[in-house]
Structure formats: structure tokens, C-alpha cells
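Paired with chain B in one complex and with chain C in the other, chain A is shared by the two complexes that follow.
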Partner chain A sequence: MNRLHILSLSLLFCCLTMGTAPATTLKDFQGQKGTVNIAGGTAHIPVMKAAARSIMSAEPDIRITVTGGGSGVGVQQVGEGLVDIGNTGRALKESEIEKYGLQSFPFAIDGVAVAIHPANPVSGLTQEQLIKIFTGEITRWQDLGGPDAPITLYVREDGSGTRETFEERGLNKAVPSTNSNVSNSNGAMKTMIAQDKNAIGYVGIGHLDSSIKALPVDGMQPTQENAQNGSYIITRLLYMNTKGEPQGLVRLFIDYIYSKDGQGFIAAAGYIPKSKD
Partner chain B sequence: MKRPLIFHVFRSSMGLSAALVLGCVGTLFFFLLLKGLPTWGTELFFGDTAPMDAIMGKAPVWEGIWPAFMGTLCLMTVTMGLVLLPGIGCGIFLAEYATPLWKKRVNTAIDLLAGAPSIVMGLFGFTLILFLRRAFFPEANTCLFLAAGCLSLLVTPVLVVNTREALEAVPSSIKLAATSLGLSKNQIIFCLAVPMAVRGIVSGSILAMGRCAEDTAVIMLTGAVANAGLPSSLWAKFEALPFTIYYTMAHYQSQEELNLAFGAALLLLFLATAMVALAKLLEVGHKLFWQGERPSVLQ
Partner chain C sequence: MTSSQKTESFFWAKTYVHLAAGLVISSIFLLLVMIFIFAGPALFDQGHRSIFTWQWNPYQGQFGILPMLMGSMILSVSALLLALPLAISLCSLLLTAPRRLSARLIHMVIRFMTAIPTVVYAFAGVLLLTPLVRFSFGGSGLSWLTATFVLVLLILPTMVLVLNSGLKPKLDDLCPQGLAMGLDRLDLLWFFVFPHTKKTFLAAGLLGFGRAVGDTLIPLMLAGNAPQVPMDLGQSLRTLSAHMALVTANEVGGAAYSSLFMAGALLLGISALVSLISRALVTS
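Up next, the complex of A and B:
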């Protein structure tokens, strides 16, 4: 490899890294004041909170409020102008973009993993089995090579982005049985599965730990790496949405989420950072 | 005389009902103490911020319930500031001045208001803001003042009904005697009836304050958010204990986060107890002042 080659490669690398991480740092917030209100997807909250904390600690004149409500609330509130950033755990619908003139900023990838109790010997499922389980066709673990026990289904609440992703990608849009228990968050889902030997449910990959057992589906291992390289397909993007082109402090905040600091917050919350398009 | 069996059945079932209530409240207290008390400490309130810095407002609190506690206190203060005068005033009007026709009209309105679920007040506030934004103030947004305004609508009936009933309970013989002594109607109301009814009015106000502290549905639609720091102005979003509890219970990610909710619930319970104690204290003071007697609680 000659010198020119190395030079152009390193130049290319510089361009790429600059492209992936905008140079926004806490310094850019210096002397700024004002409020940024954020609402919507609950999965986003840890990232938003961490960023808000870091910014507000450096610049006390900036106020950032964060609340959840779900993807639907995020779209509505940002559309009506009640908040500056409305978060969604799904892509906006065409009708929503048209109605409100929204702009989307995908910033992280989140995978959804099927999970069971750690004591359950079942070690993997096919997608077909998964659909049959959640639609209520298979009701006992012994049909799947497990213990002689009924299956308890756990799903997320209506409007949850995690639920939408799981049903669309994991269940091929099949409708889950009405006979399932509903939990309101990844944390609650984890607790429920960990306490019920016959449970099956799903959580964001970032929430996996030893208290529950993640199952491969069709041989796809639910890990962050696989979600990122596309070999695990039950994934979704997390979006920030603004009404029109973001300005001033809101623009800075969004750029900050894409910055190196922001990527750190995203990784700490259990997601994979996505570079700005 | 031998009492019939039915009397004994009736009496013991009433006793059982009372025991049931005591048992339920006791279990609730015990459960909350068991779950909440271990979390109590500076960390629950202030996270990793130094407590003095947090109390003085020098450093923001991120992991604790201090901002939510202060938010709730602010919310109660603003709401009571908005509702005390009109609420008590309306009660006095109903008891002393209103003609039967007006009594009927206003009472119907109060009953309707009392029957409205709190989420309706929240929705009202939310749509009001949407309307205001489109029509007059594009900058209007959900905030502490809006939440307090909607809450004051919610608690108005409590205040009005308590004031009215307290005034109506003043014996008419006293009023009659005062009239015969030549006192005017206003003198009778403000020098005799209202002071005699203060106990009922105060307990109504305390009930209303309790309602402000605990209501979640109204504030979640009108300005309470999961993370806002200390309340900065009437026009800013804020944190509040009941919303923090509701929110954490619904969306907790880890056991520590869930414990935070129990800690906050215990704090709310103590806040309610403190208010009941305050009401009792005012009652005692009132009796001493107006009747010059030591009330039974002190004997």
C-alpha cells in the first residue's frame, strides 16, 4: 500500500467518523438559555434523561423536561406544538407526517428478544412456533420440548413500540391471543417473567440479564451485534421527531444525541447508536 | 329485657365492618412501611446531589423525589390560593344569601362538578390549552398554573359543600337571638356564624388540599412530567409525587426504581397524615379560642 493510499484512507476515515458523530459538545451549549420539552416513547427516556442531565449540569440556564406517554402521545404532542421533541419507537405514518409536517431523526437501534424463565429447558423456537404460541394455538410447554406445564403469555400494552415491533417482525403481524397478561414496561415484563416459571414474553435486548432467558428465534441469536449487522431481524429504530426543521436549542440537543456523548448514553441505555443520515 | 337475635347479628356485623376498615388501613400502612421505609434516606430524596445544595436549589436533583415533593407543595399552594376564596365564598352565599331558586341552580352545578371524574378535568385543561394556542396565545402550554386551575375545579365542590353544611349547622336560635339584639345580617354572618362554622370550613379545606396532593389524572394531562427539576415558575412543567408514583410503577426498569416509587408513596402518606394532624390542631385551637374550654382531645 503506498503512502497516497494510506492518506486517502485516513482522510476517508476522518470523513466517516465526522459524519457519524457531529462535533456538538457541551461547549456549544455555553451561554444558551431556554427550555426543551420532550415527550413520547418510554424506551427513549433513559437516553433523554442522561443527555438532559449532562447539559443542565453544565448550563443551569437550560431547562429540559422529559416525560413518556408512548409513541402516540409523542406524535400528538409534538404535532400540536406542546413539546419540542416527540419520541416514537416506530417510523411515523405518512398521514402523521402530512398532518403535522414532522421531521424524523432516528438515533438508535433496539432489538426485541423473546424471553422465558431461566429454569425452562426450552432452548430455541422457530418463528412458526412463536406465532402459534402467541396466537394461543400451542398452549403447553411439552409441545415444545419443555416441562409438562401450561404456557403463560405476557405481552406489552397497546401503543407500545416494543409490542408493535414484536408483532410486526416476530409474529408476522399475527394478532396475539386475548388470553395474555399485559405489562407496561420492560422492567415490569422482566419481573413478571422472572417470577413465573411458565412465562413467555419479550423485552428490549438492552434489558436482558441473568434473571430471564432469551431465546433464539429461527436460530437468530438476540444480541446487540446481531441487531446491528442485520442478522437478527426483530428490531426497530428509535426516533426523535420535530415539527419542521429544528431550530436553536432543539437543534443543538438533537445534534448532542448524535454526538460522542450521546452515543455513550444510548449504549448505556442498552441500545445501539445510529449515525445521523 | 332480652334483646332479639337480629339485634346481636346486626351489632356484630357492624363491629366486623369497623374491624375490616381498620384492618385494611393497617395492612396498607404496614405494606407501605415495609416496602417504603428501607428506601428512606438522603439518597431517596436527593440522589447523589448534596442535600443542602438541592434544598437551596443550587444543584439539580436527578435521581431523587425532592423535585416531585416540592412540585406537589407548590401545586397545593397555588391551587388553594385559587380556590379558597371562591369556594368558601360560594358556600357562604349558598347558606346565607341565596334565594331558593339560586340555591337550586348553584347546588345543581356543584353536584355536576362533584360528579365529574378527575380525568375529565384533565381533558378539559388539555383541550383548553389547545384552543388557547390556536385562538389567542400561541405560546400557551401545559404548566403548573393550568394544572392548579384544573385541580381547583376538581376540589371546589368539597370546599363549597363543607362550608355550606358547617354554616347551616349553626343553630337558628342563635341567629334569631342576635337579630333580636339588633345585629345586622352581615354582622351575624361574620361575627357569629362563620367563626362558629370555622371547624367545618377548615376540615373542608384540608380535605381539598389532600385531594390536590393525591390526584394524578388531572395533572398528568395538564403539566406534570417525569423529569423537570424544581418547579421554576407558574408557566413551567413540574414534577409531582402522585405522578412520580404512577409513572414509576408503570414504567420502572429496575428494582431500585420501583423502590423509589414505594418511598414516594410513603412520603405522600405522611403528607396526608400531617394534614389530618394539622386539621386536628386547628380544631383544638379553635375550640380554645371561641369556647374557652379544653376540648375532649386534650383531656
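Up next, the complex of A and C:
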């Protein structure tokens, strides 16, 4: 996705959501001081960092730290009170909400796209084919109109939000074959697929670029627009989570993510902003 | 300094040393206790009984870590089998022609290799070795074989340096007489030093094995991480360490999480055993 595209998209979203965005702006941080610590889902990092940078350059007395660690780390750290906001790329489990008393704030929509090597001539799959591929029933590309070569499967690690989304929405909860290669981030997945001309895997739509080829599933084109309007269904939400009702600076930060500025950061990171419920 | 001052400063030094030693020992002890407490539910809870099975599939309630244990063992053993002859040859070269430029260069490179972080090896492996393995063996290129090759690079310097420091004094002892008898250094090394230094070989092997078992990034980035027992060198496998790195990021609490501590306990047990044996060998 080129820069102009992102810019126009973000402008579009700004216009669309102007009415619903909370009125929080950088002005509300004036005279505030203190720290906000954020950890968890790696998909969130670009958004969190952009917002943190913008706030901190306006108000030098505010310190915002952003670290990764994955969705599980986000839940644990916010639950144990080690950070103020714990990010997850999946909805909280019932057990996690009960154990820690967490509140969730979904702020962006991310789609998960099936991806293959750009040199692979296969141009689309049905969901049925997708399930057969990942469960190991179809093992060669020629069965799908591709070259005479074996398929190498790439999946994400257990508990990854991207994996959960893909298996639930893309594979209809089918269990992928155990001989799939496992990579532990969107970036690693992209490198693997870009290198291996027999590969099939999946990445967040925001991570798509010319090094890999995204495939439509059942004719659904994997684009952010389609994820937004519901015509592409392999999607998930990105959440910020707090222990109990957020207060003070943390509250302001969360509102800022939902504000016009925040929506700009979300769109620039390749996701679709979601207005506050 | 008066003698009483001396005694006093000696007293403080002794206390300080004891304190430091106590701190280290007790933190290691606490670490062990913590790991076993966390691993407890995985061992004793009825619901998690599946931990010593061959199926890892958390969504289906299967938490078997045996494929990972197997993966760790076969990967380290294969790396060791490949590295040992290499280490012995390199060491022979270093010991028989210590002053030759090539030997000095190799020595320098080997010492430099000990300082390279494993992530650098792994990254280079992903970019350079994986395509090669994929081209020659098919599959994804992320395999038992790829990880073995890079692990060999990792453990080789340790093994060469241990062999070198163990064998050099013995060879030097033999040298004046042996050379006078018309034998050269290589003869002395092969026929007189090697047969009597089983312990040095074992120690080098065990240290290499310990490093190979404990390493995380190389198998994580190069072995493909499929939770299965590989049938041939071109297939993907998952080690205990890579398994822990993969699962910790996304799980908190629950059976998958406590099974991680069992994996940790196993890993700790293996490396403790290896280092105890190699220590006993080196000091005896």
C-alpha cells in the first residue's frame, strides 16, 4: 500500500468518523504529568508508539513506554498491575476477565490475508480448498492449478491472535496439520513466504506488500476496505485492556487513541479505526 | 597496617565472599523451587495428564511435550556428531602447526566465533542456508538439517577451545623427547596424546551438547517448529527451548502455560546433568 493510499484512507476515515470521535485532543494533556506503561500485542506497537510520540512531544512531563511481548504478556502484565494498558490481538477469555477484572477497549479492525509467493500463478482459493490445504488433504500445487510442486505450510504459533482469527474465520475451526512450519511473528512469516516459492501462509492485511501475494478466498478480496465494510470476513479486533475503569492519564490516552489523531495513527499502521462503543 | 586491622579487613572480605556465594546459591535454589512449583499442576492435575504424550494441540486439550523433548535430543546429538570430528581435526591443526600463519588465523577466528550472538548465526542461516537446503532437499528449508548445520557453528568454537586447552599441555610435555626420537607433533598427538585423553574429549562433547540443548534462537528460527518427530533430515522439528519461546508470548495460566514449566524443568534437568558430568570430568 503506498503512502498516498494510506493518506487518503486515513483522511476518509477522519471524515467518516468525525461525528463519533471523542473530542480528546492534545490540548487535554496540557499540564498533565505522569507515566503510562503499555505492553502486549505486537500488532499494536506502531499505533501506540505514534500516539505516545505525539503526546510526549507536546507535553514533556508525560512519559509513555511501549513494549511488545504478545497478547498473553499484555493480559498478564496489566492483570498483575505491572503496566497500565495491556494490548491483545484477540478478545479476552472469560477466565482472564474474571481473574483480573479487566476492561476491554477495541479500537481497530485488522484483516488476516492468505499469502503465497508472488511467482505462484494460483490466483484464488475457495474456503473448502483452503481448509483442505491447511489440514494436509491437498499437498500439491497442481491440484489447485499451480505448478507441479509440493505445498509448504506456514502457520503462526499457538495463541497468536492472527492464528486464532485465521483458524476461526478462514478455516472454520479446522485444525492445521502438525507438520506445518511455525513462525512467531507477522514479519517472520512474511520473510518465509517471500523466500519459499511453494509456501502458503497468512499475515495481517497491514503487513501485505509486493514481496508476497495475497489470495482472495471465495472471491473475497483481502483489503482493508473490504474488512471494514464486511465483505471480507477473516478479520479481528485489536484491543487495549485496563484493570478496572481507566483513570486520569490512562483514560486520556485511551480516548486519544479513539480521537481523530488516533484514527490517523491506526490507518497509517494499516488497520481500520473502530469508534468507541 | 596493624595485625588487628588486617584481621578485620580479612573478616570483612570473608563475609562478603560468603554473602555473594550464598546469594547466588539461594537464587539458583529459588529458581529450581519456582520452576517445580509451577510445573506441579502439569504433573499432578488430572486434567493435564496428557503432558507426557506425543500430541501437542492446545485447542484440543492435548499438551504433549514429548515431540519437543525428542526434537531437542536428536538435534543436539546430531549437531554433536557432526561437530566432534570437525573439532578434533581443527584442534589437530592448531596443535601440530601452532606457529603457521593459517593455524594462528584459525585460532583467531575460532576465538572470535565464541563472541558472536546466536541470533546472528540464526539470521544468516535463514537468509543463506535455508534457500540452499530448500533447493537441494525440497520442503521449506527450515529443517532438522539446517538447524544442525548452524548449531555446529555455534558449538564448534567451545569444543575446539576445550580440546585445545586440555591437549596442549600433554603434547608439550611429550614434545622434546618425542621430537628427538624422530616423530613429529601429529604422530605424538594421534598415537600418544589422544588415546589417553578420553576425559577431555568427553568434557568437550558434553559442553558442546549442553550449549546445543540450551540454545533457543537457532532452532526457533531455523528448525521450522512443527511439533512432530521428524522422519528425515529435511523435515521440520521443534525443540523444548523454541517451544517455550513460542508459547510464552501468548499464554497466561492454563494447561499450556503450566506445561511450559514442565518443559523448562526438563531442559534444566538435562543441562544440569550435562554440566555436572562435565565438571566432574574436568576436575577429576
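In the analysis below, the second predicted complex is superposed on the first by the 258 of 277 C-alpha atoms of A that agree within 3 Å, B and C clash if a C-alpha of one lies under 4 Å from a C-alpha of the other, contacts with A are read in each partner's own complex, and residues count from 1 in each chain.
Here is the rule we go by: a contact is a pair of C-beta atoms (placed from the backbone, for glycine too) under 8 Å apart; a residue touches a chain by one contact, two chains touch by 3 or more.
Fair warning: this is a prediction, and the values are worked out from it, not measured in the lab.
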Clash or fit (per the criteria above) of chain B with chain C on chain A: clash
Partner chain in contact with A:Y154 - chain B first, chain C second, else both or neither: second
Touched partner set for A:A199, first chain B, second chain C, both or neither: second
Which superposed partner A:G86 touches (first chain B, second chain C, both, neither): neither
Partner chain in contact with A:P246 - chain B first, chain C second, else both or neither: neither
Partner chain in contact with A:P222 - chain B first, chain C second, else both or neither: neither
Broader residue contact with chain A after superposition on the shared chain, chain B or chain C: C
First (chain B), second (chain C), both or neither touched by A:N184: both
Contacts of A:S95 with chain B and chain C, given as first, second, both or neither: second
Partner chain(s) touched by A:V175 [first = chain B, second = chain C, both, neither]: second
Superposition clash, chain C against chain B - the stretch among 132-140, 186-194 or 222-230 that is involved: 186-194
Touching both chain B and chain C, residues of chain A: 184, 188, 191
Complex contacts: residues of chain B adjacent to chain A: 60, 62, 129-130, 133, 138, 141-142, 224-229, 232, 236-237, 247, 250-255, 257-258
Complex contact set, residues of chain C against chain A: 56-60, 126, 130-131, 134, 138-142, 220-221, 224-228, 235-236, 238, 245-254, 256
Complex interface listing, chain A residues touching chain C: 69-73, 75-76, 79, 95-96, 99, 150, 152, 154, 157-161, 167, 175, 178-184, 188, 191-192, 195-196, 198-199
Contact set on chain A toward chain B in their complex: 35, 37, 39, 42, 45-46, 49, 52-53, 56-57, 60, 63, 65-68, 80-82, 184-188, 191, 207
